[in-house]
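This is the structure I want to talk about, given as structure tokens.
Note that the chains take the letters A, B and C in the order they are written out, and that residue 1 is the start of every chain.
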Amino acid sequence: MEQLIGVVNYLVFFAISAGIYGVLSLGLNLQWGATGLFNIGIAGFYAVGAYTSALVCGLPPTAWDGRMVGGFELPFAVGLLAAALVSGALALVIGLPTLRLRADYLGIATIGIAETVRLILKNEAWLTNGVWGLQQIPSPLYSVIHRHTAAYITAHPGLPEWQRLLVSRAYNWFYLLLVAAVLIALYFVLKRLIRSPWGRVLRAIREDEDAAAMSGKNVFAFKLQSLVLGAMIMGIAGALYAHSARFISPASFEPLYGTFIVWVMLMVGGTGNNKGAMLGAFVVWGIWAATDFVTDYLPWTAPQVAALRIVAIGLLLEVVIVWRPKGILPEIGAKRRAL
Amino acid sequence: METLARIPQLLVYGLVSGSILSLGGIGVSLTYSILGFSNFAHGDVMALGAYLALAILPLVSAVGIGSGPLGSLSFGPDFVVALVLAAIGTCGVVLVLDRLLFRRLRGAGRITLMIATVGVALGLRNVIQFFWGPQPRYYSAKIQYATMIPGLGVKIKPDQVFIMAVAISLAVLLHLFLRYTKIGKAMRATADNASLARVTGINTERVVAWTWIIGVSLAAVAGILIGIENKFVTPELGWQMLLPIFAAVILGGFGNPYGAIVGGIVVGVSEEVSTAFISTAYKPAVAFLILILMLLVKPTGLLTRRS
Amino acid sequence: MRTSGASMSLLSIRGIESGYGDMQVLHGIDLDVEPGEIVTIIGPNGAGKSTLMKTIFGLLKPTKGRIEFEGREITGLSADRVVRLGLAYVPQVENVFPSLTVRENLEMGAFIAARVPRERLDRIYELFPPLMTRKRMRVGRMSGGERQMVAMGRALVLDPRLLMLDEPSAALAPNLTATIFERILAINETGTAILIVEQNAKESLRLSHRGCVLAAGVKCFEDSGPAILANENIGRLYLGGE
């Protein structure tokens, strides 16, 4: 029974991560799926969101910290909002010079911004505590729930082990509900947006930018809005991550993996389909987690195995691109295109 | 005042690293102009070249080719042979990749292709890590001493002279190739108008193969030169090179291999000179800044017309 | 695969249907070009004239129908294979390599050959004298008329039996139009059959052995070139009055 609860607890933890990736995928789906923007710097917006929320909600710097700013101990909701705003602002900075140009330029610019963000996170210890990262990031309602679960356990000394395991991890269930709530809320908001006239213009831009421009739309403004909004969503994902992991450092946001895996998720799940984005997040994260288990049986060293897992994800992407580029779920509202 | 005094020396370093960036940038420009997409795996191809050279070197020495240093360089003829073989090997790998992957995507959208190259970048980098591990691999443990260039008041190491000589020679060879060989002209023609090239009877698959061969060979050599210059390589090398190389390519004009040469020098020099004022950790940020400035001011690059 | 029949057309098109994706442009075209003939296809915009050219030359795959050249089936063959059989094609726009010199453009015309045929290049310079003095000039810098000469010269380097021209006078000033058609006649005199698609139909029909009218993806009329010119109805409908 304990083992089953162990599995259940793991699944909750898994679902939280998958859910956060789902949020990232929704953001990418708005940028790429709906508008055709080539953002390969997702990790930058993700990291900025995480750090912003951590700094806004966290404790003031102590004497041991390299950090000298931040720690306003504000509520979770404020952190979430701040994360979205700062990520959005970053996207604005990147979008202004690049969105009038070809997709390649946005691609390399987003790589650049993600890299610059990473450098700042690593080197500007006065702001971010450098490689030592930010600790003790508060989780919303943690103390409240923890008090109740601890009280429950103390009040029931004869509790079976499996129940104790379940209750002691109750906070994760709460966080999972939180992530799910954010995910669902975003899904419905995006659904309305995509079906709105605004969303239709985005899709027209993706299909044929010149035609959209000729019909009088300010293509640049729409692209910018899509980029910024998508980045805000990614910032929210970052905040969710920071408060669940409770410790972040630059290493948590390896640009290549944080960005790349989201693309794989979206392409597997179905570009242009929000349900597909979420589905892809769960599927690919599941594959990723599964490779973790398999690796115990392989004869190679840990770094080799880590490398192999990533090669596997890369292979998955290439296979999807060649054989099923549209992903599992079809694009919503796509015309039956002649091919 | 002391900071400014360092600049001439930094300029020299910049020329050296700039020539490496130029070699890398040529490949990106060629791929873009002829195949129509930006290859984000280019940096990792450079890394592959660097690592293959390391792997091949002991085999070459075993065959009996001497390892005694050539003049005051830090390596011997066996290394030169390994360099050539590594370039060939890297070409082989990429041609296979083209056959298996990119050929199937010839008609695909540009962004799909570019995401595929990001996947290849990730794959190559981790294959390297699988075989050689994440720790730095050393090219040479010896310290080479720089000698003063008479009259200019700056120092340069013999290896660095070698690097620049190789870069210049390869650039010249490329120019001759594009100008005077049949396939070189066909490459320029395909870059101008791929559909007309087909109509003319040009075998576009052969042009594609040669584009890869040239771009990848230059990239592999560039990667090896980085190994000589920095004395070590890590699997991160590829992704680290992307930003400065793309900055160079955008500076010189996307699709213009000659522009990439100029862009490489400018970015290399800028990065090195910047270290007089800001921390060396931020060198990639300098490249990024150049990139953003170019996009704001003149996205088509400094050299717009292809020669 | 040789067709049976008394005399064999150089180019034989039967029942060709073709288009772009969902959009079908040609609804069944039959056409023959005899060796050494000049045939002009005229018709309004959107009739499918360029589509037909591209389909013959392998830039588009037909959905139905059969094309034969010198008795050999070439339906759906790719462009670089078609070139090897003795056809050549000059597209309407973007028909030169702008960053290459005149000489290099012509050399590209000989790509499939092992060696660039010197004598042919000389003949082309004779045919288009202005090119002779501009061999090393980058074509992108040249005027429209000169560029059209380079485009046609490039197609002629390997002495094709059939030359296909898509609106050769489209981008040209009127005085150059006469020159171009005069050159076309000269080319034909050496035995090359020429298939022309034209808007400026008058000049073209005047020197054509045969003409055919294409409208809405079907061939609706065919006769000798001068006869079509003289035909008042067609003149009104497709030649813009006058």
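Note that in this section a residue touches a chain if its C-beta (ideal position, glycine included) is under 8 Å from a C-beta of that chain, and two chains touch if they have at least 3 such contacts.
Everything quoted here is computed from the prediction, not taken from an experiment.
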Reference chain C; chain at largest CA-centroid distance: A
Middle chain, criterion being Cα centroid separation: B
CA centroid of chain B to CA centroid of chain C, Å: 44
Averaged-CA centre spacing for the pair chain B and chain A, given as whole angstrom: 33
Approximate Å spacing (C-alpha centroids) for the pair chain A, chain C: 56
Contact set on chain B toward chain C in their complex: 182, 185-186, 188-189, 191-193, 195-204, 306-307
Of chain C, residues touching chain B in the complex: 57, 59, 78-80, 83-84, 89, 91, 94-100, 104, 107-109, 111-112, 154
In the complex with chain B, residue positions of chain A that touch it: 32, 36, 38, 40, 97-98, 101, 103-105, 107-109, 111-113, 115-116, 119, 122-123, 255-256, 260, 263-264, 267, 300-301, 303-304, 306-308, 310-311, 313-315, 317-318, 321-322, 325
Complex interface listing, chain B residues touching chain A: 32, 37-38, 40, 101, 104-105, 108, 110-112, 114-116, 118-123, 125-127, 129-130, 133-134, 239, 242-243, 246, 250, 254, 279, 281-282, 284-285, 287-288, 291-292, 295-296, 299
